[in-house]
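Note that the chains take the letters A, B, C and D in the order they are written out, and that residue 1 is the start of every chain.
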Amino acid sequence: MGQNGAGKSTLIKLLTGVYPRDGGTITFEGKDFRPTSPGDAQKKGMSTIYQELNLIPTLTVAENLFLGRAPRKWFGIDWHAMRRKAEEILGTFDLKVPVDQPLGTMSAAVQQLVAIARAVQTEARLIIMDEPTSSLDSHETEVLLGIIERLKARGLGIIFVTHFIEQVYRVSDRITVLRNGTLVGTYEASKLSRLEMVSQMLGKVPEEVEPALHGSPESKGPAVVTAQGLGRRGVEPFDLTVHAGEVVGFAGLLGSGRTEAARLLFGADHPTRGTVNGFQPKSPRQAIDQGMAFLPEDRKADGIIPDMSVRENIALVVQRKLGFTVSRAQQEKIAQEFVTKLGIKTPSVEQPVRLLSGGNQQKVILARWLAYEPRFLILDEPTRGIDVGAKGEIERVIHQLSQKGLAVLFISAALEEVLRISHRIAVFRDRKKVGELSRTTLPEVMKVIAGEEPQPSADASKSAGEERNAS
Amino acid sequence: SKQSSDKAEQPSGGSTAAAPAAEKKLVVGFSQVGAESAWRTAETKSIQGEAAKRGVDLKFADAQGKQAQQIQALTSFIAQKVDAIVLAPVVETGWDAVLQQAKDANIPVILVDRGVKVSDDSLYTTLIASDFVEEGRMAAEWLAKKTNAKANIYELQGTTGSAPAIDRKKGFEEILAKNPDMKIVKSQSGDFTRAKGKEVMEAFIKSDGKNIQAVYAHNDDMALGAIQALEEAGMNPGKDVIVISVDAVKAAFEAMVAGKLNATVECNPLMGPLVFDTIDRVRKGEKLPKFIQNKDQLFEQANAAQVIGTREY
Amino acid sequence: MALAALLVFNLIFTPGFARIELRDGRLFGTVVDIFQNGAPVMLLAVGMTLVIALGGIDLSVGSVMALSGAIAALLMTEHGQAVPTGIVAALAVALAVGALNGALVTFAGIQPIIVTLVTLVMGRGLAQTFTHDQKISFEIPTFEFIGNGTVLGLPFPALVVAGVALCVGLLLRKTSTGLYIEAMGGNPQAARLCGVRVHVIRILAFMACSLCAGMAGLIAAADIKEADVANAGLYLELDAILAVVLGGTSLTGGRANLMGSLIGAVFIQTLTVMLQMRGVITEHTLIIKAIVALAVCYMQTPAFEKLMQRVRPAEAKA
Amino acid sequence: MNFLRKHITVMAGVVAYLLLYAIAAARYDGFASLPVFINFLSNNAVLGIVAVGMTFVILSGGIDLSVGAVMSFSSVLIGVLIMDHHWSVFAAIGAAVACGSLLGAIMGAVIHRTGIKPFIVTLAGMFFVRGLAFIIHLESIAISDKAHTAIAITRVGPLPITALLLLGFVAAGWFVAVFTPFGRNVYALGGSEEASLLMGLPVQSTKIAVYALSGFCASFAGAALTFYLSSGSHLEGVGMELDAIATVVIGGTLLAGGVGSVFGTLIGVLMLGLILTSITTYEGMTSSGMTRVAIGALLLMFVLLQKVLMRRFVGVGRAT
């Protein structure tokens, strides 16, 4: 465990030979362990899932599972066997995807599961997982934790990095805490209380995490975004209204279409029908002009500009307001302000963003949008890979901004989080908006997600919501 | 050749006679290297113009400097059963197979401006060309006379590895070998272009300055570039520095009239009349020599003014 | 640093290298030549930097050079137009080619290398067609000034390069457009989501690159008083790309190092002139060029830095 | 449908090719005949073989500008060995191919060791190898050797030896790309080098092997050239690198790496052959300028047609 930038991923990369080490020894199975490359570490029995998805997006799902150890026939790679085995293995993860499609077309969660499946099926004696659950929903997480327990029972060692405290305590025997690149200590999980652990991580006793924020906003503002009949191939047309000062959450299972719906609202994909605020969204540019902002789900592919500095990454959108000529000093001021405000851990604002830890990259992208002061903010998995402290911080920022009149759309795989933050929740199932709920509870949302009971049509529930809000 | 023997062609003695419209037109395929220099374009124009004049259906194929494309053009000429093929080969080697095909199809092949090296010289009918080595010799001999066999010479070579560059250097050096006081001080490739000729000359001037007594350029374009460089450096081409080149294009005559270029060895590109005369002779069944020399001569400032009016290229 | 090494080498071993004198009111010397003759490649490198920073590539620059030179020369000789008309028309055609490149890349979604390969082939073809495969020579002092003139003793082409480089440099460093160009090169998806008008910027970058090529074409033609459609700018695209990459701009885009590109271009020209002055035979020239280019690039890599770090302590001990 | 979707670029290429071929056949007499088609293969065999090697390099995310020079170098070396040193044909070819592969491997090693961009390394390689070729022999060299000629005129059925070599290389290349771990590693490397490294793939050896393979193909193309021309030639390779890259990319391989196929490259070769043959010989253009314009225009037409077909059949995905 450790905060963003504490050095978890770096430690793992040192362990597995990605980075050369300056000193010290590693003992693995009683022997000195000096891997020359990740491949070497793998051969020696240490299998790793790195934090930033490290698979080949252009190759198929099946190939990504078997690259380097594909089943062979006398003349070469046996594609049929590979496909069959791939389906089999993914089956154990409850995952049904077309295995001969390129991995890059799959959602982040599918990619994460493939990476896990790849690591788990090797002959490894130690499996290292760097935030494997950050983009999984509760069901997928459950499956993964089950698998971890099975592996444990088989006698494998597992290093599990996560920001989810529940999960740590579910599977861990021992917990090692890092802070600022140094070891704080290693503890028996059963003897370390949660509060104690969090204070070890933060280096201080944490403030109370704010209780549930949900409930209707004190004063409901005017509608900021109104989508009507918005849809495209793969997303059934849906209606949505978000008011100033309101936080609307999207809940749903993996691949239920939340991301796609959000992208349509923002004009990132062209909708084939429907309107947003009376227009058919054409480009993100148009949306931004209307005061919309969008924090994408896949920060590596859609978010960061890796070689640019933190300053430039933050200034990218707000520059539109600053004008045609660039003032470096002004950019610096803004960047510095958000580095402080969001606690971005970076040596300077001139650091290329790719050198930051995963969570800090996420904060940079958030800063990029906040600096623009939007009227409507879409957050797709904003807390992915963010430590508890920062998570609380981000939630607080969202809450504050919404009280100042910002309309927010919040998407997260963690239902509790959606529930805590949102005033209203739209539920998606099978690429369709199936309902809207206000002042709801976890079991209630789960029921709608699962489609267990006949629920009112999307429209009906929406108007119901309107009425309630109006009263 | 046999497929057109039943429709006898009007024997055309010179450039005046045209084939009667009712008769089947003579079809000739012409594979040209490209359009890299004024000289080359003049050659193309001459052959195309002459064909039009005589009412010959000329199939023209530009190989853009690639032998593979020339071979491709030749095979398709053969497939189209042309009456004769005119080939200006990009390089000397590598023609055996395709010329054999032409021979098998009974199509006469006239080579222009450059020979080919083939195992069996019955593969082509004849070669109409200038002799590059001879051009080099002529230039050197003239220079020897002009400078009393004493000169520091700076050479601007053609494109490295190309036949004219190699031969013009070879011929020039043959004569130099007999004149110990004439020596090539520096020699660089100017790629047959004016821009490169100028650039290389500038470098020569900066490093050797007043030491430069004569410039020998493998073509006029480079010489013209060199003249410009000399002028910009405040030197007097044609007087302080003797400049001689090969090709004799119109611009070279202009430079000679202006007194900036001393001499140029002609390499005549106007092959049209001779080529079609030769084709007619072949079709009449005449036995031709393997080499028909295209007459080259040397022009100097003294006779430049008279000739310049007649230059078309 | 490599340039410095090369200069030092020249100063010592190439006689007359550093001599600069004032003749007829203009500076005269090898260094001046380098800037004058290198101007076209430097201009190409400036334009190419923009396109490469954006993650593209432009192979058509050499043909655009031929095309713009031909058009200016044609208008000024055969059509008797004034010099400014010729220049403006030539640059307009260059811009049009750039717009075509950009539009095909953006709207047809064809890879830049293919689009510009097509314009590379077609551009020179058009130039040849317009001029009927002829070279066009001219004697127009006002136009020749572009290639040969001097202002305060400095070669005019070098001043053009300086001017253009300054503009592009300001664009890259001091305007939002520069920020967007680099963002697009670094991650086009993300740039689009940040509201960058990727289409517009891409087209503009290709147009700017072509404009630079157009200017280079005018300079090259004016310099030799001739529009040589068959040879002007031939294979210069590779030199320009080499200059850009030598200068430290990555071919994958995302970062523009304009100063580096200029230094790269000067470096290439210096090397060429040096080899010419020393009278090295062509076969060897090629090999020397290869080795020097590699060595220079090697000096910029982290691997070399590490090597130096290992060597230096050893030196210190000795 | 699934098959079509997966190989959409290649399929679109095939359809576009057939369309253009049909147009040409309707326009020119005797165009639609087997000999003419076979001429496409044999006339472009040298380029095609080079392009097969280039396909792997581009798939791996790299680029190789030295291929034209290596091809010329190998043809000249073969000429010199046979004519001046009286080596047997096979020994000469073997030596040339060994040299070519070695040169490629050296470039690969330099790229990997020093981290210099492939573009620069192979551009330097191009200069270097071209210089080397001039040093071995300044002029192009004619080859007249009984055994060599015997091979040069060999035909299998209607196919001349060069066409046969091309088809052989395409088939072998396809097999290597699809069915060998090496081939898949090349795709992975092009998809993401960083990820390949973290997945434990042999990045270093794959990279070196890719350039060695390209050198192998280029030098073998040099051998094919000697069969085609009966000579070793300096000039044929000039500018070939761009043609080869164009061929590969027209065949649907992404310049960024990771996506593409060897079969697509064959389509690219045939396409270039079709364009050049129809324009330069059947159309009978009278000016060099118009010839170039027409070649460019046709090339563009083909690429656009390919794009249109792709959009028709699959629609555009999420990626822009």
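Basically, a contact is a pair of C-beta atoms (placed from the backbone, for glycine too) under 8 Å apart; a residue touches a chain by one contact, two chains touch by 3 or more.
Listed by chain with UniProt protein names: A = Putative sugar ABC transport system, ATP-binding protein YtfR; C = Ribose ABC transport system, permease protein RbsC; D = Putative sugar ABC transport system, permease protein YjfF.
None of the values given here were measured: they were computed from a predicted structure.
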Return the chains common to the contact lists of chain B and chain C. D
State the pair with the higher C-beta contact count; candidates are B-D and A-C. B-D
Most distant chain from chain B by Cα centroid: A
Using the average of all C-alpha atoms in each chain as its centre, how far is it in Å between chain A and chain B? 72
With chain centres taken as the means of their Cα atoms, state the distance from chain B to chain D in Å. 33
Would you mind pulling out the distance in Å between where the CA atoms of chain A average out and where those of chain C do? 45
For chain C paired with chain D, centre-to-centre distance based on mean C-alpha positions, whole Å: 29
Please list all residues of chain B that touch 2 or more other chains. 34-35, 44, 160
Could you pull out the residues of chain D that touch at least 2 other chains? 134, 138, 287-289, 291-292
Taking each residue of chain A in turn, which ones touch at least two of the other chains? none
Is the way these chains touch best called a line, a ring, a star, complete, or other? other
Could you run through all the chain pairs that touch each other? A-C, A-D, B-C, B-D, C-D
Would you pull the chain C residues touching chain D in the complex into a rising list? 59, 104, 108-111, 113-115, 117-122, 124-133, 188-189, 192, 198, 229, 235, 238, 241-242, 245-246, 250-251, 282-287, 289-291, 293-294, 297-298, 301-304
In the complex, chain D residues that touch chain A: 2, 6, 175, 178-181, 184-185, 187-188, 190-192, 194-202, 258-259, 315, 317-318
In the complex, the residues of chain D that touch chain C are 65, 110, 113-117, 119-121, 123-128, 130-132, 134-135, 138, 239, 242, 245-246, 249-250, 254-255, 287-297, 299-300, 303-304, 307, 319-320
Complex contacts: residues of chain A adjacent to chain C: 266, 268, 283-285, 287-289, 294, 296, 301-308, 312, 315-317, 319-320, 322-326, 368
Considering only the defined contacts, which chain B positions touch chain C in the complex? 34-38, 41, 44, 157, 160, 185-189, 191-195, 198-200, 202-204, 206-209, 221, 224-225, 228, 232-234, 251
